[in-house]
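See structure below.
By letter and in written order, the chains are A, B, C and D; residue numbering begins at 1 in each of them.
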Amino acid sequence: MVNISVIGGSKVPNDICEIATKVGKLLAKKGAIVFCGGLGGVMECVSKGVKEENGIVVGILPGYTTKEGNNYLTVKIPTGMGYARNFLVVRAGDIVIAIDGSTGTLSEASFALAEGKDVIAIGDITIDPKKENEGKFFKVNTPKEAVELAFSRLNKEIYE
Amino acid sequence: MVNISVIGGSKVPNDICEIATKVGKLLAKKGAIVFCGGLGGVMECVSKGVKEENGIVVGILPGYTTKEGNNYLTVKIPTGMGYARNFLVVRAGDIVIAIDGSTGTLSEASFALAEGKDVIAIGDITIDPKKENEGKFFKVNTPKEAVELAFSRLNKEIYE
Amino acid sequence: MVNISVIGGSKVPNDICEIATKVGKLLAKKGAIVFCGGLGGVMECVSKGVKEENGIVVGILPGYTTKEGNNYLTVKIPTGMGYARNFLVVRAGDIVIAIDGSTGTLSEASFALAEGKDVIAIGDITIDPKKENEGKFFKVNTPKEAVELAFSRLNKEIYE
Amino acid sequence: MVNISVIGGSKVPNDICEIATKVGKLLAKKGAIVFCGGLGGVMECVSKGVKEENGIVVGILPGYTTKEGNNYLTVKIPTGMGYARNFLVVRAGDIVIAIDGSTGTLSEASFALAEGKDVIAIGDITIDPKKENEGKFFKVNTPKEAVELAFSRLNKEIYE
């Protein structure tokens, strides 16, 4: 079982949404369990992609109720921790894919790196980890590259 | 979608394990998403039951890796929070079923009640909530009673 | 430095408040740093006692602002975690003193025991830990007994 | 009461340490309660400054024991959450001062901004918040500027 967390902006333009949906589809096809923050934007778009391929996508929600989760989630987990649920999204994944996003996404991506976890980014975010025990940061251009690199970094067979 | 958390001892005798497995089966049949702490004992036994009925069971794990999760889990979520992940198990569920267990289970059950969530217990634990805004505590004798009461309390149609 | 967490009901009668205040005074005199949930009832009464002896009392708050903290706190820490901040109150202390209280207090006390931490109770709560690696549960009748036992369990010199 | 969180690298050169110590001194003189991650580097240097001015400095620690805290802390709070304690450091403060640092600091600073909290940075880190409801990011050159801006942003009288 491979856990992959997908993070990104909660309001995104159509082209970014399409990228996220494609990432979700590719991850589901490869059998990854996908984790996200469960709300809108990249979270919703990636969830849509996973659902379309009958994969499993888990939304780790900021509030106390499943109602705020988007409609594509397989599993909705209320945490009552607000944005602090972001660190749970990161810890859930073996690796993190970041798509676009602002300070919240930056916070999650850099938290992942600080915990020694790799981050693969499509879009604006750039981080330069300096310490040896930090994760590695990669920039890619397409959903296919992101997903293939993720599995490659995890040393898993790519069986698509 | 109904989320039901099942809590209980991490080492249990066979008869308790059978109860937990039966609870897992019944919950899966009714389409509930089942949450637990992901390790052994009641957590493993309930997971086994859910898996046997092809349901979804989520293990919210204390450590940083999916490896510690039992073999029946559909989704494994490392949290790195140690026993503090217990409060996440409780928050994930719309209602809590407690089977046997010791101080850890007592902690989760009373946390649920304090947050206004009902707890249905099979086995030793007894709690007497005193405040109006607390959840209600029920004792039952069988898996069937536990699961039926859970759905009844949630006002969901029982479609078994 | 000794950290002692004091937990208990958020609404308490005068006699319980006086016990909590006395516990706070005795802890401050012995130089303990006192931790509590920062709100009313036992939390406020123990804070008052600590303040009267010029000790340090830390309130770990459920919300996002220091404003909800009682007026006697030296340090107010908003967490935004709701009742889940209870586990932080417990983790902060080397030992836990429980005064009266309902399901919230029961949750904290049993969480402490589950994590291997001793709990000393004045008032209603009774827990019977069964496992070897759990903390020990003590019942006492007076603030003086509670505080002396706490320091004795921590093997600290009592220098009152 | 003003809470100010100071974040930064866990290993820093002498000149950065001196800046952090100076920030600690200035904050203590103004009566702020200072929060940090409780370990080495900027955390230790700022704690030293606060202690030298007899202020209060709180270390929110990643592990389960107070022993890992640096020697200048007034209050040591074990959380058992690992790096996830970073979000508690940020939530504790009314405003955040960032001094140097790598991905961990970047994670905390961007989390603060995402939660609507201002961040004042001395040193390398630069973040560009884009959304209206995010906090504001400021770069300054000296401890004095950082502390004065912090109090000014909080609309507190500067009574140094």
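Note that in this section a residue touches a chain if its C-beta (ideal position, glycine included) is under 8 Å from a C-beta of that chain, and two chains touch if they have at least 3 such contacts.
Keep in mind the model is a prediction, meaning the values are calculated, not measured.
S.K.: Return the chain whose centre of C-alpha atoms lies at maximal distance from the corresponding centre of chain A.
M.R.: Result for the farthest chain: C.
S.K.: Report, in whole Å, the distance between the mean C-alpha point of chain B and the mean C-alpha point of chain C.
M.R.: Measuring from centre to centre gives 29 Å for this pair.
S.K.: So how far apart, in whole Å, are chain B and chain D when each is placed at the average of its C-alpha atoms?
M.R.: Those two chain centres are 40 Å apart.
S.K.: Going by the contact rule already set, what residues in chain A reach two or more other chains?
M.R.: If we look for residues of chain A contacting two or more partner chains, we find 64, 80, 82, 84, 91.
S.K.: What's the contact topology between the chains, one of line, ring, star, complete, other?
M.R.: complete
S.K.: Which residues, counting only chain D, touch chain C once they are in their complex?
M.R.: These residues of chain D touch chain C: 1, 3, 33, 35, 56, 58, 64, 66, 74-80, 88, 91-92, 94.
S.K.: Which residues, counting only chain A, touch chain C once they are in their complex?
M.R.: 64, 80-82, 84
S.K.: Mind pulling up the chain D residues that touch chain A in the complex?
M.R.: 82-84, 86-87, 91, 102-104, 106-108, 110-111, 113-115, 127, 129-131, 134
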